[in-house]
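Each chain gets a letter, A, B, C and D, in the order it is written, and its residues are counted from 1.
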Amino acid sequence: MARMRYQQALARALRDEMLRDPSVFVLGEDVRASLRGVTRGLAAELGDQRIIDTPISEQAFTGFAMGAALAGHRPVVEFQIPSLLFTAYEPIVNQAAKFRLMTGGQAKVPVTYVVPGSGARMGLAAQHSDHPYAMFAQAGVKTVVPATAADAYGLFVSAIRDDDPVVFFAPAAALGGREEVADDAGPIPLGVGRVHRSGDDVTVVAIGHLVRDALKVAEELAAPDADGGDPISVEVFDPRTIYPFDWAGLAASVRRTGRLVVLDDTNRSCGLAAEVVATAAEELADALVAPPRRITRADAPIPFAVELEVALLPSRAQLADAVRSVAAIGPRGALAQEAVR
Amino acid sequence: MSAADLYRTMRTIRRFEEQIVTLVNANEIAGVTHEYIGQEAVATGVCAALRDDDVITSTHRGHGHVIAKGADVPRMMAELLGRTTGLNRARGGSMHIADVSLGIYGANGIVAAGAPIAAGAAWAGLQAGSDRVAVCFFGDGAVNQGVLHETMNMAGIWRLPVLFVCENNGYAVSFAQEQATAGSLVERAAAYGMAAVRVDGMDVEAVRDAAGALVAAARAGGGPAFLECETYRFVGHHTAEATMGLGYRSDEEIARWRERDPLLVEAARLDAAAVAEIDASVEELLERALAFARESPRPEVSSARDYVYASGLVPREGVAV
Amino acid sequence: MARMRYQQALARALRDEMLRDPSVFVLGEDVRASLRGVTRGLAAELGDQRIIDTPISEQAFTGFAMGAALAGHRPVVEFQIPSLLFTAYEPIVNQAAKFRLMTGGQAKVPVTYVVPGSGARMGLAAQHSDHPYAMFAQAGVKTVVPATAADAYGLFVSAIRDDDPVVFFAPAAALGGREEVADDAGPIPLGVGRVHRSGDDVTVVAIGHLVRDALKVAEELAAPDADGGDPISVEVFDPRTIYPFDWAGLAASVRRTGRLVVLDDTNRSCGLAAEVVATAAEELADALVAPPRRITRADAPIPFAVELEVALLPSRAQLADAVRSVAAIGPRGALAQEAVR
Amino acid sequence: MSAADLYRTMRTIRRFEEQIVTLVNANEIAGVTHEYIGQEAVATGVCAALRDDDVITSTHRGHGHVIAKGADVPRMMAELLGRTTGLNRARGGSMHIADVSLGIYGANGIVAAGAPIAAGAAWAGLQAGSDRVAVCFFGDGAVNQGVLHETMNMAGIWRLPVLFVCENNGYAVSFAQEQATAGSLVERAAAYGMAAVRVDGMDVEAVRDAAGALVAAARAGGGPAFLECETYRFVGHHTAEATMGLGYRSDEEIARWRERDPLLVEAARLDAAAVAEIDASVEELLERALAFARESPRPEVSSARDYVYASGLVPREGVAV
């Protein structure tokens, strides 16, 4: 059992899988030097053909990974910055992710696309601050956004072992977080969420680095507020996988709390929060005692100045307000469960 | 491959395509298809230089490549007619037809998209200690797609056994190759440090010989190579063009190229009886193929979301259930 | 006043704008020969420098348009098939659409990107059947999906005159539709929806070619059904612009009907229907008497066989069922308005 | 441009960059910046061949280009410090710094993305009947991006007045140019039928002369050209590299190149007094710039969604209102 940083957990997962399975290899920019910290030491340990530095040719190396996968390998493609996925969208979504259907199941395409540092990073400005996981969910591509080190470990292992294309987003703001990772940690299945904190009044769905914020807010609200307002019992649910989404896990939580707030760092329009709220409104209407709410990134590119950047990102204060506002509607706790039955 | 075999393959492609046009026009095949008519020598000549374990990636104009690489013609026909016995179980159709077991990594709806896929397959061959090669077919229009260049560079630096086969039929839909392309194609490829050869794409033996030499060099560790085949399509860009009146090339131009029909060129090297016998057996094959296809079942609507994920995940429907 | 096909209306709008404004020009594949029917005759009439055939170089010609726009032109970029937008996503979303913000308002980037034939077309299979407008809404790029000829005319004019990047989707299944287009037709503002049919019981939001389906269903449901069930009065609301969305128009309709069904031909996950339902659930909860519903494309690539293709697309039968199911909940018509007050 | 002016511009770039490093390390500038230290002769030499109405597109390593094209240094400093008086009103920062009024169509966070933008601007110049040119700066890493090839082809067929300037500093982050690139860079460009020249990128006068000749030819209707400048960056890829220990190049290699520091090369052509005077005036400029920046206001948080759309549309917030 070792307490390690998220980034170290990724590195360990990758190394473990590469040692276990000789068909796993890494392709990306500056992966031998390990600019992004996930491949440190691996070129020396495993050789240049397992850790391949590519020219700056995202479309080609993404397609290359698919070809290698069809021929029996399990490529892990590293993207240095999130917006490179825009350039590689065609080979991921239109080629790799459609290939199995298009060939009537003739082949599998086990490629993992990893962005070890997605989202805003204080001052990296518009082209380096995207967190574009919703565009892969939109296309039905398996998509993972782990929040913590142990989840990063187990989900990275699963992504690599998965027989379909998987896009793996490690939020930049989560990379420094630490957590225990068991020495014999194994895969965590895709599509299964994690309840970080149980609660009775409000379900907060939080993704990636925002789980930490949700937990902070949950803690704050668990105490009576300055004005003597009632404590609010918040359940923090992290879907971990964006596609497939753990709808059963969500339903279980919302059926208990009757209230839903989604905290999501994609743009507002057609983002993941929209999907969660829409599904809840449509399929869990009988359980909801208050209208569901979203706290998301604004629908705008991120400006350079840090105060402007922060102003566009979802915040704890916004979350706390939203949780308070829904908690104020309808009966609370066990009562709520009676009321909706 | 003997002259007779080369002719047989070309004849099969030609007659397959002619049948497809009829079937599309009769609405027995859905969508549009891009015929390989006129270009048969390229696929046939190149694939004659290949082994079963070699990989190819193809294009929107893919039937010729797929036949030449050895795919089952009745199952191709069934695919195009949308039957479950089709190569792709009716999921792919013309533009995605594939037989991965024969190293056919698919026709492709996106120009030049097959290039990096071929390179990845070639790299995998090297890793496996095999001397297999990968051939990437593409048109003259594809040479202006950036991904092709990215791939040629990667194949160059890693000395991958990839043969880049450019079928220069003079046009990308309506846009003439000389207007679309600065400089010469072979020079472009040569700038990546690879052998780059131009060949008469209407002469199947010339193509076979040129491809054979480049493939042999690639197998021997010589790295990638580029083969430009000068060819022509005798028909429209796709089955829908006939009614469009795009008028980008003259009847005379088409007639001039038709004189160099690759089937005529090769037939002239065989005796008439042999040609007649091959022609008859090709008709028989195609009749059998069509009968097989027509007798085969259409897919069940309930299976519409099958085969999307290898893990068994089934995609969500468009309505809440 | 002339009754014309949608495609002709596009062609007329383009020609009108090119005659009016010499800075408008067209860039795309086979636009001189007019493979897609929108530029017919224009090269002969206006010259080769106004109608430019490009090599198959989507990334470059998309970026080129931005450069020309910064230098004072109004480029119209034609994409022959919808999935080419995947390849051009970076230059549209990451470059053109962010430029104004990134430069603090130094310049405008008036480019129109047009797909004259988006969506499934019976047998074109997985790579030619996408209808990817939600990915632009997700990025906050102005996005238009007109349903009819007159709207196509007026919105294409507006898109070309707009000072920001606009992505314009003409659904393949709508291209043949006919409508009167006034001889002196002018621009139709972006962001304003159209009520195609008024109704009291259920608001159906329908987009592009699906408006026709929604109207058919509305008509069917306006008559008592075979089992003598009550007629249902359906309002068909077409947002026309996907981003910015006409939220005020939606609210006005839903506040009257109290019920919402969205008919949308993007994938289900994080599609436009998700956004509409989420916004309604969050912001119009007080008006809704029944849970909102979505009818969308399934989350899957389109298979070749036509019966499979059709099975994945949103259907009239699905819409009719959904409308009936929400109409069965709560009081109807004028009553409903009382109930929610 | 005189030797003194060339030196002055290079000195301004050098000292600007050195200040930026200090300010980033002191957390007075947010994010990371990519320094142009070592490469000053390229931007300076090329821009010496340009007019105010010529257009440039730049890269992630853009400060040098922007200064050399004439941008206001105090407003650049203000931009980097995130002040509303900044060139981009604090919205762009290092990687997007621009002055469209001076034909500076922006630094760019995406490798090679500026190339087609420059081509579009060049085409617009032709349409306007002007003889202005567009220069597209990019690194050696960018030559493997497909969009650059697509653009070179388009510039070739349409004979656009674009000068493609490749700053070959030997590395794309850690990846050595020779390993990343098959064939030679100038041959690649030449294959598109354009003049392609290689020059010593540490000698500003050599760069100016080579660029001047190519720009003059382009103005005269000669079409595009390619200029490879052999250069080196004396510092890490970006300000964050210092602590990373990537170790992809040796101290000896860096020392060898530092001997050919472009500022020393040019200073040797001036007398010491002139150099000292320029150095002093550059210090004065930079002090003024920093003072201006520091005195300038930070943006109001309430303005965070401004400047996104030209039409006046304001983007939605992340919470319902």
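The working rule: a residue touches a chain if its C-beta (ideal position, glycine included) is under 8 Å from a C-beta of that chain, and two chains touch if they have at least 3 such contacts.
Just so you know, these numbers come straight off a predicted model, no measurement behind them.
Novice: Farthest chain from chain C, going by the mean of C-alpha atoms per chain?
Specialist: D
Novice: Based only on mean CA positions, could you tell me how far chain B sits from chain C in angstrom?
Specialist: Once rounded, the distance between the two centres reads 36 Å.
Novice: Using mean C-alpha positions as chain centres, tell me how far chain A is from chain B in Å, no decimals.
Specialist: 40
Novice: Can you check how far apart chain B and chain D are, centre to centre, with Cα atoms defining each centre and the answer in Å?
Specialist: 44
Novice: Quick one: which residues in chain C touch 2 or more of the other chains?
Specialist: Chain C, residues with two or more chain partners: 55, 57, 59-60, 83, 87, 90, 94, 101-102, 125-127, 140, 269, 279, 282, 293-294, 299-301, 303-304.
Novice: At least two partner chains per residue is the criterion; list those residues in chain D.
Specialist: Expected reply: 88, 90-92, 96, 108, 110, 144-147, 150, 153, 157, 179-181, 308, 315, 320.
Novice: Could you classify the connectivity of these chains, where an edge means two chains touch, as line, ring, star, complete or other?
Specialist: Complete.
Novice: In their shared complex, at which residues does chain C touch chain D?
Specialist: 49, 54-55, 57, 59-73, 75, 90-91, 94-95, 99-110, 140, 142, 162-164, 190-191, 244, 279, 282-283
Novice: Under the touch definition given earlier, write down the residues of chain A that touch chain C in their complex.
Specialist: Those residues of chain A that touch chain C are 59, 83, 86-87, 89-90, 93-94, 97-98, 101-102, 125-127, 130, 134-135, 137-140, 243, 245, 266-267, 269-275, 277-283, 285, 291-294, 299-301, 303-304.
Novice: Please give the residue numbers of chain B that touch chain C in the complex, ascending.
Specialist: Chain B residues touching chain C: 29-32, 79, 82, 88, 90-96, 108-112, 141-142, 144-146, 172-175, 179-181, 244, 246-248, 298-299, 301, 303-305, 308, 315-320.
Novice: Taking the touch rule as given, give the residues of chain D at its contact with chain C in the complex, in rising order.
Specialist: So the residues of chain D in touch with chain C come to 55, 57, 86-92, 96, 98-101, 105-106, 108, 110, 113, 115-125, 127-128, 134, 146-147, 150-151, 153-154, 157, 306-311, 313, 315, 320.
Novice: What residues on chain D touch chain B, complex-wise?
Specialist: By the definition above, chain D touches chain B via 144-150, 152-153, 155-157, 179-184, 187-188, 190-194.
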